[in-house]
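The structures considered in this document are given below.
Both complexes shown next keep subunit A, but they swap its partner, so subunit B is in the first and subunit C is in the second.
Our next item is the complex of A and B:
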C-alpha cells in the first residue's frame, strides 16, 4: 500500500476544529474535576461518617467501572429520566464527573500527607477551619498532589478519545471520519496517534517544569 | 431487565475476563523484556524500549486499537478481531507495566547486584534470579491496579466488534430499549469483578510479604 498523508494534510482546518474540541473538553473536564474533586475530598474529611461513606461509595463506583459504560448510561439512559443531552454537554459532564472521582482520591491522599501537628498548631493559633485549609493544608499538599494530578490530566486526555463513540466531534471522531471519507484510514489513525503523543509529551514536560518551580519555591521559603 | 438478559451479560463477562487475563499475562512478559532492555546499558536496546513505552503510554488506547486493527491487514497479517484486540491491549499494558517495574528495579539494593556479580552470576542470571523477583514483589500493588485498569479498558474492544460485556450491553440496550437497567447491570458486573481483583490482590500481597520475611 501507499502511505500518503497528503490527503489528510489537506484537511488540516477540520482536524484543527476537532483538536480544539478535544482541548477545551479536556481542560474544562480537568478543571471541573479538580474543583469538584477537592470539594468531595474536603467533604469526606470534615463531613462526618455518613457523608464520607456515601461519597466514598460513589467514588468507588465511578473508579470501578469503565468510562465508556458511564458515558453510555448518561447518553442513552439519560433521556429515560428526562435528561436529554447533546453529545458535547454529555461528554463534558461525563468527563468532569469521572475526573472528579479520581481527583478526590488525589486530594484525599494530599490531606493525609499534611502532618497532624501542623493542623493542630493552626487550631491552637485560633485559625478557623477554612483558614487552616487555605493557609496550611492546601500549600502543604500542593507539591504532593501535583505529580499525580498531571498524570491524571494525561489519562483524562486519552480517555476523552472515548467520547468519539457517542459522536462528540472531537479529534478522534474528526480524524477517523476524514480517514474513512478519503479511503486513507491508516494514515488518518497514524496522524491521530502522533498528535495525541505530542500533546501528552508536552503536558508531561510542562508538569515536570511546574514541579521543579514549586519545589524551589517551597524550599527557598522554608 | 429479566434474568435472561442478565445471564447474557454474565456470559459476556467471561469474554471480558478472558481477554483481560490473556492481555495482562502477555503484557507482563513484554514488560519484562522491556525492563531487561532498559537495564542492559546498551543504547541499541534502551532507545527502542523507551520509544515503545512512551508511544503506548502517550496515545489513547482507542486510537491504538484502531491503528492495530487497520494496520495488521495492511502489512499482510490477517487475524481475527479478537486477536487484534488482545495484541492492542497487551502492548498498551506492557508499556504501563514496564513503567511500574522501572521503579521496582530502581529500588533493588545495589549490594545484592554486586554480590551476585561477585558470586559469578552472568548479567542474565542476575536479572532473572535477583533483580526481577525483587522488582516484581516491590511493584505488586501497581500490577494489581494495572489489572483493574485493563479490565476497564477492555470495554473499548467493543468498538472493533468484539462481544464482551460492553458490546453485549450495547446490543441488548438497543434491542430491548432499556438502556438504564442494562448499562447499570454491566457497570455492576465490572464493579464486582474489579472489587474481587482488588481483594485478591491485597490477599496475595500479604502472602508475598510473608514469603519474603
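Our next item is the complex of A and C:
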C-alpha cells in the first residue's frame, strides 16, 4: 500500500465545506467567548463576593473537565433535562461557553495588570465605572491580554475537532469520513494536520501584527 | 464665619480591627494651604484619601464646601450612603494628585488633561483640548502636550498630573506626597507649581515630608501620629515652639538629618 494523499486532495470541495464549518464555528465561538468572558471577568470584579464565588465555581468546573466530556454531556445529556440541540447549535454553544471560561481568566489577569492608581485617578475626576472601563482599563490591558488571547484562540481551533464526535460536519469529521471511504485513513489525517497547522500559522502571524501595531500606538514601558 | 472648604467631624477609619484614624476633627479654611505631617503609618495619607473618597470612612462625616461627601450622618449617628451621581459630583470639587502620578500611559499629556472634560463635563473635543492646553501652559508644559507619560521625566509627569487635576476647575486640591517619588533635583519644579497655585488662593491640602515646604507655604499645619490628630495650628506656633513631646521628637529627626547632611 502506498502513501498517496492525492486520493484525499481530489475531494477538495468536500474538504472545503468542512473547513468552512470549522472556521465559522471557531470564529463565532472565539468572539462569543471573548465577549462572554469579558462580561464574566467584569461581573466577578465588580459584582461582589457572591457573584464572584458563583461565577468562579462555574469557571473552575469548565476549566476542570475535558471539552470532550462537556460536549458529550450537552449533546447526549441535554435531552434528559429538555435541552434538545442539533449538532451545530450544540457545538457552537459548547465552544462559546468553554472558551468564555478561559477568556474570563485572561481578562481577570488583564484587570489585575492595570495599576489601581490609574483607576483611582479616573474616579477622582468623576468618571463613571463604564467610562473608566472603556477609556482606561480596556486600553491599558489590551497589550497584556492580546498574546494569551491569540494563544487561546489557537487552542480552541484544535479543540473544535472534538465536535466531530457529535456529528458536526466540520473539518475533522469530513476529512476522516473521506479517508474511510477511500481506504486512505493515514493520508486523511496527514492532510488534516497540515490544514490545521496552516490556519494556526496564519492566526499567529495576524496576532503578531496586531501586537506590533498596538505597541506602536502605546508608548508605555510599564 | 464663612463655611470651611473642608470640615471633618469625628472621622474614624478602620481596616478590619486596626483603627487607622481615630476621631479626627479638623476644619480646612478656604484659600489656605493646609499641610498634614507625621511619621509613616500615622494615617495622614489615609486621611487625605478619605477626603478624595478613595477610602470610605468607617464613621464620621466629611463636608466639602458644606456638601456631605459620600455619607450623610445625623447627630444620632445614623448614616446613609448618598447616591452615586451625587458622590461623583462632590468628588469633582476636589482635584487629587498622587505620589505615583498615575497618568494614563496610553494617552498623551494633552489626552490625560482633556479626558475628564470630554467625558465628565461633555465639553466638545476642540474646546476641551484648548482648555487642557491652558492648564498645561500653567504648569509650563505646553511644549510637551503631544508626549506620552513614558517620554516625560518624573517632575514633568507630576506637573501633567497637576494640570489634569486642575482641568475640571476644582475648588480644592489634594496632594498625596507629591514629591516623594521624585529625584531630589526634580522636586523643585513641582513645588514651584504648587507655590504658584497657593499664591492664586487655591485651597490646598498637602500630605508631605517636605518640612521646608510646609514651613514656608503651609498656613495650617496638622500633625498626626498613630491615627490621632495631635496638633493643628499655624506654622509659627508649631515650628517655633513645639510644645507637644511627640511633635518635638518628630521634628528633631528632620533637624538631625539636615545637620548630618551639612556635616
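What we mean here is this: the second predicted complex is superposed on the first by the 219 of 222 C-alpha atoms of A that agree within 3 Å, B and C clash if a C-alpha of one lies under 4 Å from a C-alpha of the other, contacts with A are read in each partner's own complex, and residues count from 1 in each chain.
By our rule, a contact is a pair of C-beta atoms (placed from the backbone, for glycine too) under 8 Å apart; a residue touches a chain by one contact, two chains touch by 3 or more.
If you're wondering where the values come from, they're calculated on a predicted model, not measured in any experiment.
When both complexes are overlaid on chain A, the residue A:125 reaches subunit C alone and has no touch with subunit B.
In the superposition on chain A, A:135 contacts subunit C only, with no contact to subunit B. Legend: residue contacts after superposition of the two complexes on their common chain; A:7 is shown touching neither subunit B nor subunit C.
Touch criterion not met for A:39: it reaches neither subunit B nor subunit C. By the touch criterion defined above, A:117 lies against subunit C but remains apart from subunit B after alignment on the C-alpha atoms of chain A.
Between subunit B and subunit C, more residues of subunit A are touched by B. Comparing which residues of subunit A touch subunit B with which touch subunit C, the overlap is empty. In the complex of the two chains, the subunit C residues touching subunit A come out as 52-54, 88-89, 91-92, 94-96, 98, 100, 102-106, 115-116, 119-120, 148-151, 161, 164-165, 167-168.
Partner subunit C is touched in their complex by these residues of subunit A: 115, 117-118, 120-128, 131, 135-136, 139-140, 217-222.
Subunit A makes touch with subunit B in their complex at residues 1, 60-61, 64-70, 72-73, 76-77, 80-81, 157-162, 164-165, 172, 176, 185-186, 189-190, 192-193, 196-197, 200-201.
The part of subunit B that touches subunit A in the complex is made up of residues 54-55, 57-64, 66-67, 70-71, 74, 148, 152-156, 158-159, 166, 169-170, 173, 179-180, 183-184, 186-187, 190-191, 194-195.
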